[in-house]
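Some structures to go through are shown next.
In what comes next, subunit A is part of two complexes: it sits with subunit B in the first one and with subunit C in the second one.
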Partner chain A sequence: MLIIRRLAAVSAGLLAAAVLASAPASAQKPGGTLVQITQPEPPNLAPYISTSGPIGQVTAKVFDGLLEYGFDLKPVPSLAESFEVTPDGKTITFKLRQNAKFHDGKPFTSADVRFTFMDVLKKVHPRGIATFRELTAVETPDPYTAIFKLEKAAPYMLMAFSGYESPVLPQHVYGSGDIKTHANANIPVGTGPFRFVEWRRGEFVRLDKNKDYWRAGLPYLDRIVVRFIGDSSTRTAALEKGEAHVAGFGAIPYNDVKKLAALPSVEVTTKGYEMVSPIVELLLNTKHAPLDNQKVRQALAYAIDRQFVIDNVWFGYGKPAAGPISSNFAPSGMFEAGKDYNAADRVARANALLDEAGFPKKADGFRFELVHDLTPYGEEWQRFGEAVQQQLAQVGVKVTLRYEDVAKWLKRVYTDYDYDISSNFLYNLADPVLGVHRSFHSDRIRPGTVFVNGARWSSPETDKIMDQATVEPDPAKRGALYRELIKQTSEASPVIYVLELQFPTLVNKQFKNVITSPLGIYGNYATAYRE
Partner chain B sequence: MMKSFSQRFLHNPLVIVGLSWLTLVLLVAVLADVLAPANPFAIVGKPFLPPAGDFLLGTDSLGRDVLGGLIHGARTTLLIAVLSTLAAVAFGALVGAVAGYYGRWIDDVLMRLTEFFQTIPSFLFALVLIAILSPSAMNLVIAIATVSWPPIARVVRGEVLSVKSREFVRAAIVAGQRDSAILISQVLPNTLSPLIVTGSLLVATAILVESALSFLGLGAPNQMSWGFMIGAGRSFMREAWWLVTVPGIVILLTVLSINLVGEGLNDALNPRLADA
Partner chain C sequence: MRGTALLFYILRRLLQTVPVVLGVVVLNFLLLQLAPGDLATVLAGEAGGAPKEYIDLLRQRFGQDQPVIVQLYRYMAGLLTLDLGYSFRQSAPVLQLLLDRLWPTLLLMGTTFLLSLGFGVTMGLLAALWVRTWKDHIVSVVAIIFYATPLFWVGLMLILLFSIKLGWFPTSGMEDVVAFNEGWDRVVDIAHHLVLPSITLSLFYLALYARLMRASMLEQRGLDYVTTARAKGLSERQITIRHVLRNALLPVVTMAGVQVGSLLGGSVIVESVFAWPGLGQLAYQSLFARDFNLLLGIFFLSSCLVVIVNLIVDVVYVLLDPRIRIG
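Right after this comes the complex of A and B.
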């Protein structure tokens, strides 16, 4: 059997680690406590069973994954020193690290890997159920080799091995008892750079340095304190005063970010969301007249002034979206700008398309009326709805806004399909199979399942492309398939892509190397240090 | 010597101040489309333009004219407040009159019901109703009316209790008038003065409730209102003071004026209290 060695990616990662290690020691002195603000407080500390955002912000420091990822979304080694994929994509062999220990002192072996993926993630992890669908067995010929056997090739699976997405659990701790109600759900035990010490509800989680971490000399920090502060202006004040050092994912309101960014002590970055890649979109009900008409859908896409929305609703934290796949995927060849709905003469084009489609302006200046169901997630969504309403009015489409609570809105859009337009933001996640297919594939038209194909777009051509891309192990061929998907879906326009949302992460400048991966504050902070 | 109602009412300088402001607001509300022909949600300029530039009261975070918003907001705010008050007064008066007139178990049932509504904090109750009904102008009227009728019912019941034993009511009974006719033609007219006073003050409360709901983002999404303007501007208090200050002052003045007029009405309708 021919084996492709993915050494290129792996050695790039090792090189990065070597560069880090050889940097002057004075710059990276050990010690210091980093205070991170996480909002809201996590419901539990069991990332293997819940993907609720705040959990990972804490537990990614406690659990390692088999791999981590660079900003270019290429894998770098972690608990696995290297991995090999067979050409048919059906076997992945991980060589495991021999010096890693769990926080209770027991060694990490391939049995823990088998347990984690076969008994936990594949069965109870909300995304793992789908990601590891093709995984049939994890073979453990020796304690430091884990061989993943797949039913079909699943190239996207390689994007899901981070400590955030697929935390490796100790079998001797989590292996006994019911995993869904495990006694250690709030006392996490992993191999990560920081070990769990205490969770004082409503206040903080304390994590202390793991002195036996398998990466010699790391971590630099003595302690991480994750604080939970319910009031947004208090969170802002804590960062302003230097009482807290890191916050991301919308924990600080956008207009406060601007104020904090002006301080000499705070740095703002939009990096660290490359494996999240949220895209703000307008979902069109493609089964409702007149939105069943492609020309009308294209006209609406032309009518949206993306830069206005970015500047005035999201305070500049975004860039115009060019299709269903985020430009963060450009390094892997899966991104290409779709149809250019941002063209200079877009309003004229929109009007022309609507005329062609047979909807002339009537005496009152309007062609037809639509109801826009606002995303009930807070004021920027309301502002977004109002901006869209005005922009569509310019091309003669009268929009009425409707605002309901989250449960009603989700039911209306994803169960009853009783809507014309709705706004939303969906994560591209680490691979289009995980984050993009759900919006278009006809097998994702599932009444009652939220954040899937609510537009009810269905076409045999696009389904075929996605089915091929799901099992295509060759990255170049996969990239070509996705570029074709972008072309076809942006032409059909069942969803209007408005902007790639960029979350600002604020870091106190005393601390360096905090945001070092596309997972941002879901990273493990092993190399973070205080100056 | 007792002065006439209009003399007592209109010679009160505070009433004149209140009435003048309310008349102005009412005129603006009626003439909104003439004074500010543009859609108040239209994006007309750059965002955050300060007052006294191209736009008299500046623009908001999306570049909408604040003055236009105030003018159209007057219409929404007044309409919702007046309609909800009328509904509350109609329902409250009916409940109070029936309870007071028939007494006994009917009174007990209706008053326990009223108390049930009174024990729920009215703003929180309105919030829950809007969350259930989903925000729209009609639902705001329903929610505000639902939380504000109990005081009316209690006031009317009290008055009816004292009026129903008077001779003219007994005479009407003896003359064979039907209960409904007695209630409408004999009893209710005599409860009018406290009803007017309570009702006028309710308008002020309704404006505050509507504004507070809009502030929390639960206002009617397609109607510009003063509370909506404050809600949309509250995040920018540091950068753009006028977004909350201007509509805030307008709400303050309007609610104050209604209270002044209400007090004036009370003094004029109950001269013994006023002269004492």
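Right after this comes the complex of A and C.
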């Protein structure tokens, strides 16, 4: 028997519902140019070889994926009208849309799907290499059917089919020549609602309406211009003046967000990051004494005042993190609070643990010293480091701050492991397999690979749990596995989870329906319109 | 006769610059090797992490698996055919990236150069004529304030006042990206966008030239040839314009030539504040991304630019002062 998930029938209804829910249909008149601020400027427009955030903010409007996702993190149809998964989870059959065309007028077929996943994403996409590791073949019995054959079940793979994560490329364009230095790396051609017109480096990317878009009547907007403004105060000024209309992902400094939110023309939302789920963490080098001691690591976790950091460093845009998995996963049963490091008597507990661990306070009031390597991503990380310094001093740990540029910092933390504590924010992404396993699994201790298990802690038990969860098709059983993982990792405390970041996205009120999916500004803006 | 001599002089100077520029390139190449971290790690970092296979693939692609000397040889061999390499981060040939960004920078630098030199010289001249009066003091105080104010702050204040409060000028960028003007409308639009950034960048240099010009005028006015001219019966006006001004300009022109290099540095800040799409911003971004091919290309281009401007300055000397001979 097949588990069949038919999406085609509901698709039209869902779409209509999404559109209706937000505003009366009469208000959506076509036309208008939306100006988005993206910071920093993307290095290229090739989302198939780089997952650098700014690229996706541009290219998600140009490329479609096989699926998109609702705020409940459930798949909705896109280039695939429907899909079926066999009970063993090893075969996924996609029924493809028959009226979709690429921006050069050529039709979209299953051959493009095979090419995209087998020849490109599986081979050169930074995350695709891992996500599609189990994918052995894409069969194309006819132009509108694509059958994914998997070595082992990979339930997380179904969360990776958005136009942002896995853009579907035309084989007739990207199929010739070396994909890694392809001539179209900066001239993207997709099936999306907007087609690429021009990129003036240092200034803007211009995307115009795709008049032959497969969703009839969409998009509403005539044009999207993505602007690049290096200075944060100038970005704020451009939004204030109405020269730009949308900005997210920290493009506007938090202190300016408050000022802009007070304007009648600007709306601020924290929705649109549900498939990203960034968590601010402190990474502990578990091979360095005294951080090799679990009691010391727990004590440091108790010592951090999460609410203070949220209120004073991130201007309230966050909530205390309860463990390695974001509370955004609560609907899918994979979230649970770990050990409660936020307890009311946390400072006393931290002191007691450090005494127990054999590090009494010395005459100068300190037990030992650590160096904290700051994340070189901006001012808030400097302030976060200062907060950590003060809070650890309260339990008798002396912290020295060190600031280096991005390249040097990455090398120190993820290649040389020459650090004690460092901060970072890692995305949970759309599934724990993609975003959480990398922090704990023993096979993710890889010198030279950034944003993986830099703490170098692992245990055979947690490895086993993650291996099982990777191939477990039953959502209830997966949920139970992850709850166990949360329990064990938060007890071991190789990483201190501080807060779930809630990035503010600013939207000019002239524009409606801009943030319509859990991918936020990584969405395609097909239904956005100007009032 | 003089024309051909000048031409030969220019050609000889240009030939002399070739080893200088090549030396700069080799030195920059070796210096950049000292920076810790590499493009592959930065790219992976920007991507929010990547598997080891991917990073190894990148290093191999960038030729970073080769010894430094081989990398240098390849780079220099390419340079001789004007092949500046490929920017793997920006997925485009370096030369094309540089040429795209060159003209906004030249536009900003050129406007600034003319504005600051023109107004600076005028201010200095007037201050010298009004020496030790209240007008001289006002000019001097204003010049010191301009000289001491940080560029980015001036830029932000101008944006606050002229674009947000008064709405006279756009906050940033080089042209209106909603209208996408064509033809003359576009020229006017770009000029409109150019006003605030070029004023910001000009203020500092304007102050510098004004102070120099004033001092230089006062010095020249005390020299013997002025007394002679006066004894000859020339009017003060003729003395100032025909004799003193021309001689007083020489140090200012020298300074302006030297300052072209630092003008490039100052434009990094102004380009960043006003989102002006020039070379300065590109240099800044590529340094932090360890995009060495691109960075070397920028160094190469800016060293060429500085050398050429200095050559022009030497030629201007000859035109200003017939006593200075070429050769």
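Things worth noting here:
We take it that the second predicted complex is superposed on the first by the 508 of 531 C-alpha atoms of A that agree within 3 Å, B and C clash if a C-alpha of one lies under 4 Å from a C-alpha of the other, contacts with A are read in each partner's own complex, and residues count from 1 in each chain.
The rule is simple: a contact is a pair of C-beta atoms (placed from the backbone, for glycine too) under 8 Å apart; a residue touches a chain by one contact, two chains touch by 3 or more.
Not measured: the values here are computed from a predicted model.
In the three-chain model built by superposing on subunit A, subunit B fits alongside subunit C with no clash. In the superposed model, A:A185 makes contact with subunit C only, not with subunit B. Once the two complexes are overlaid on the shared chain, A:N255 sits against subunit B while remaining clear of subunit C.
In the superposition on chain A, contact is made by A:A387 with subunit B only, not with subunit C.
In the superposed three-chain arrangement, the CA centre of subunit A forms the vertex of an angle with the CA centres of subunit B and subunit C, and that angle is 40 degrees when rounded to a multiple of 10. Applying the stated contact rule after C-alpha superposition, one finds that A:L410 touches subunit C and leaves subunit B untouched. In the superposed model, A:G53 makes contact with subunit C only, not with subunit B. In the superposed model, A:F451 lies in contact with subunit C only, and not with subunit B. In the superposed model, A:D345 lies in contact with neither subunit B nor subunit C.
Set side by side, subunit B and subunit C differ in how many residues of subunit A they touch, and the one touching more is C.
Taking every C-alpha atom of subunit B against every C-alpha atom of subunit C, the smallest gap after superposition is 7 Å. When both complexes are aligned on chain A by C-alpha atoms, subunit A residues 405, 408 touch subunit B in the first and subunit C in the second. On the side of subunit A, the complex with subunit C involves touching residues 33, 35, 40-41, 43-46, 50-53, 124, 126-127, 129-130, 180-182, 185-186, 200-204, 206, 225, 227-231, 233-234, 237-238, 240-241, 243, 405-411, 414-415, 426-427, 438, 446, 448-452.
Of all residues in subunit A, those touching subunit B in their complex are 253, 255, 259, 308, 312-313, 374, 378-379, 382-383, 385-387, 389-390, 393, 400-405, 408.
Every residue of subunit C that touches subunit A in the complex is listed here, in rising order: 35-38, 41-55, 57, 61, 86, 88-92, 97, 100-101, 104, 152, 156, 159-160, 163-164, 167, 170-175, 177-178, 180, 271-278, 281-282, 284-285, 288-290. Looking at the complex, you find that subunit B touches subunit A at residues 39, 41-43, 47, 61-63, 131, 134-135, 217-218, 221-222, 231-232, 235-236, 238-239.
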